[in-house]
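See the structures that follow.
Here chain A shows up in two complexes: once beside chain B, once beside chain C.
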Partner chain A sequence: MFRFSVAVFGRGVAKRFSSSFPAEGALPPNLQLPANLVDPSRLKRPPPPADCPLPLLRRCEAVVPAHLSPMQTWVESLQMEDGEPLGRAELHPDVFGVSPRIDILHDVEKWQRNYKRISYAHTKVRSEVRGGGKKPWRQKGSGRARHGSIRSPLWRGGGVSHGPRGPTSYYYMLPMKVRVQGLKVALSFKMAQDYLHVVDSLHIPTPDSQYLLDLIRRRHWGESVLIVDVAEEFPENILQAASDLKKVNLIPAIGLNVHSMLKHEAVVLTLETLKFLEDKLLWHDQRYTPLYPFKLPYRDFP
Partner chain B sequence: EIYSSINQYTPNHKCFRKLVHLHKNKHINRPYWIYFSSPQQQKPALIESTEEFVFVERLIPPSRIPDPPKHAGPAPSGWTPPAETPPPLPYMIRRSRMHNIPVYTDLTHGNRKMTLVRKVEGDIWALEKDVKQFLQELTGKDMPTQVNEVTMTLRIKGHFDQELKSWLSSKGF
Partner chain C sequence: MSALRGLLRAGGSLCQSAGTLLHTARTISTGTFCQIRMHSIPQPKEVDRWTEKRTMYGVYDNIGILGDFKAHPRDLIAAPCWLKGFRGNELQRLIRKKKMVGDRMMTLEKHNLEKRIRFLYKRFNRVGKHR
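Our next item is the complex of A and B:
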């Protein structure tokens, strides 16, 4: 009887249960979308097709493995607010196309936050609190609980038994190759999510911040932009324009790190930065284990 | 005081007595060059030359691993180079940085033997199927395997590193 009822009612339950799974890509019927919803996939420019007439401004210098092919992006210019791309650039797949390892990104981000941390919390133990050497009253006969010092952790004003002890450092180092892989994974993520833009140089016509904001808004780059260049001296116009802006930041290529890349939505690289990054990041794939620290001279250090 | 007297020192028989006198006072530390220096000579002019630095430069070690020399077939040690073109399979196994096949053995808890295949790219499940079929023909048993899609590695129960290495190199990886 019970089995018969389960068989009869179970069929109806299964039908109702399966109707809550939508078909592949179908939206549920009671979905309400806001009127000003923006679809970023329709706003941004699609990646360059294979038969693009624009010239290839940059080829990969490093050897690309035989089973992979270089990826291509547009090379734009910052001179005109609404300019068309100047050409295409090739990107090495071992830097910009590695597998998406979120766990490595998490590890590197956590390391970046914690290796500099020194917590200065400190509490005094019962031996360090002033006073409390004498037994407050005799052991037996006073009627009160037995105590040995007025600064024991049981007492008000006494020491803390298991509190934070002195400045503690949370310093640790992740292996060099893990940190390098974190950079590669972050760049690959930005590339895959269409947040990576390549620019030929950072010269802009005016030192006006509004020009930069209008350019970013027009090209739908995103809310926050990180601009990376190899040289430590940036052109004066872009320095002045970005100095007033909170969400547009400039860094040299040696300062590129996973936290900054995750904090900013879009990352803008120059052609020289591409070469620098590929040289430095690909060297780690084919280097010996260090005989002595890499700060000392080697024959073919990048 | 001693040095001022040494400036007039000449290495000839007349000052032999002075030499003996110097030797007598052995408790005073004297530099070795006093026995070789000649008196009242001008300092030679300094010549800077960078041609000899070549001998230092060739001693500095390289940091990059070089490409292996071209061998026709297997090398005397048994090492085989990868194929010129990658094999037409849905997966790819790269070589390690020392140009070897990335198959390693693992031993945990003193008795748990495992084989690890690293550096897999592409369809790792197709590789697992092929490995299982190969080991089925080899041992006649179905070996348990574990696929890690995040790190793109394949673990197999038991030590099969030599067999897997020869199988992969025969495929052309």
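Our next item is the complex of A and C:
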């Protein structure tokens, strides 16, 4: 009996004991991966080495400070699904390599959520509720509590004393330089986390959305992609391909903002967008304080 | 009534004679019922995080900085005209509304607005610590 029980339980004990030393790469059968797990096969691409044979397709036009050097990334093409990078591009360190300020990102994101918020909650005060001008019963002698109107906040159906009042706005503006720094920090984060991709142009061979999805999956860009271009009109192929996809979105460069960059995993910029962004964002580092709003004409701007 | 059934069941398990009572028991209702009726654990509501509005939220917020200052983000706000790009407490909002929209308002609304402005003026300027 004892030997039988040992044999039976021994098998279970042996199985449980052996599971503490799994074979190399063996996953437990009841493993449940979370839905938002980062693609484990997505390895960080190494930045282009100094002796890379590919041509430098874009140099930094703006002046780079002497103590910093421009950062380099790969320039890819969307023409072929599994194409190799075409070349390298230089990025200004004061736009794509600033210090990681999460507090600025938080402030800018909070501002984006709240400055356009209008709360339409409204309750009526006792003077606005219909009725309630007459004293319901005489002051003394009726035995009931004394009241002056049937719409006081104590009564059912009466007004609300301290409720929300009318459309309220939560508008405020952050200083311009904080918003600019927010953009720079967001771009730096994407660059540092290997989620920023540079592309020479947005021409794709077919208007098929499946082609875009396969390209993104092949290159391990991420779940959601934000494609930014300076031109007001996008090539028709990519417009049609992205119109059916929820997680791949095109925006003009003027529409770039911190919330969209945080919402989408990968950000794809073209070479013209790089020039545009560096122009716009670096100007604020060395401008004078405005004596009158910038929308009025200045002699040397834009 | 479910308590009654439980008691009878407990009683029936203790002695056989009470078991006959279980089969003849009637549910007695006193007229009240459970107000909250729901299934055991409610299903979490499914929220689509990639609708058009959520995807494009915040686009063009930096139209001033990136667009040569021809427009300002406050031009993007969809709000009643007296609240576009303005923030204030209730009295300031009501005064602005009266200035901008007052001559277009209905008589009863205008009357209520003026009463409220009068009340808030007296409240803010004559009552309390901060005058």
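The rule is simple: the second predicted complex is superposed on the first by the 256 of 302 C-alpha atoms of A that agree within 3 Å, B and C clash if a C-alpha of one lies under 4 Å from a C-alpha of the other, contacts with A are read in each partner's own complex, and residues count from 1 in each chain.
In the analysis below, a contact is a pair of C-beta atoms (placed from the backbone, for glycine too) under 8 Å apart; a residue touches a chain by one contact, two chains touch by 3 or more.
Please read these numbers as outputs of a predicted model, since none were measured by experiment.
Undergrad: Does the superposition put A:Arg59 against chain B (first), chain C (second), both, or neither?
TA: neither
Undergrad: Let me test your reading of the model: by the given contact rule, A:Gly166 touches which partner, first (chain B), second (chain C), both or neither?
TA: After superposition on chain A, A:Gly166 lies in contact with chain C alone.
Undergrad: Counting only touches as set out at the top, which of chain B and chain C does A:Arg156 meet: first, second, both, neither?
TA: neither
Undergrad: With the two complexes superposed on chain A, say which partner A:Leu256 touches: chain B (first), chain C (second), both, or neither.
TA: second
Undergrad: What is the contact status of A:Arg138 with respect to chain B (first) and chain C (second): first, second, both, or neither?
TA: In the superposition, A:Arg138 touches no partner, neither chain B nor chain C.
Undergrad: Looking at the overlay, what does A:Glu128 touch: chain B (first), chain C (second), both, or neither?
TA: second
Undergrad: More chain A residues touched by chain B or by chain C?
TA: C
Undergrad: Which partner chains sit in contact with A:Arg299 here, chain B, chain C, both or neither? Use first/second/both/neither.
TA: A:Arg299: touches chain B, not chain C.
Undergrad: Quick check on the output: what are the common chain A residues between the chain B footprint and the chain C footprint?
TA: The overlap between the chain B and chain C interfaces on chain A comprises residues 294.
Undergrad: Hey, which residues of chain A end up touching chain B in the complex?
TA: 65-67, 99, 101, 103, 283, 285-288, 291, 294, 297-301
Undergrad: Taking the complex as given, what residues does chain C use to touch chain A?
TA: 50, 54-70, 72-74, 76-80, 83, 85-87, 90, 93-94, 112, 115-116, 119
Undergrad: Any idea which chain B residues touch chain A in the complex?
TA: 57, 60-65, 84-86, 92, 94, 97, 121, 150-152
Undergrad: If we count contacts the way the header does, which residues on chain A are in touch with chain C in the complex?
TA: On the chain A side, the touching residues are 112, 115-116, 118, 125, 127-128, 165-173, 176, 179-180, 183, 224, 246-247, 249, 251, 253-260, 263, 276-277, 280-281, 284, 293-295, 302.
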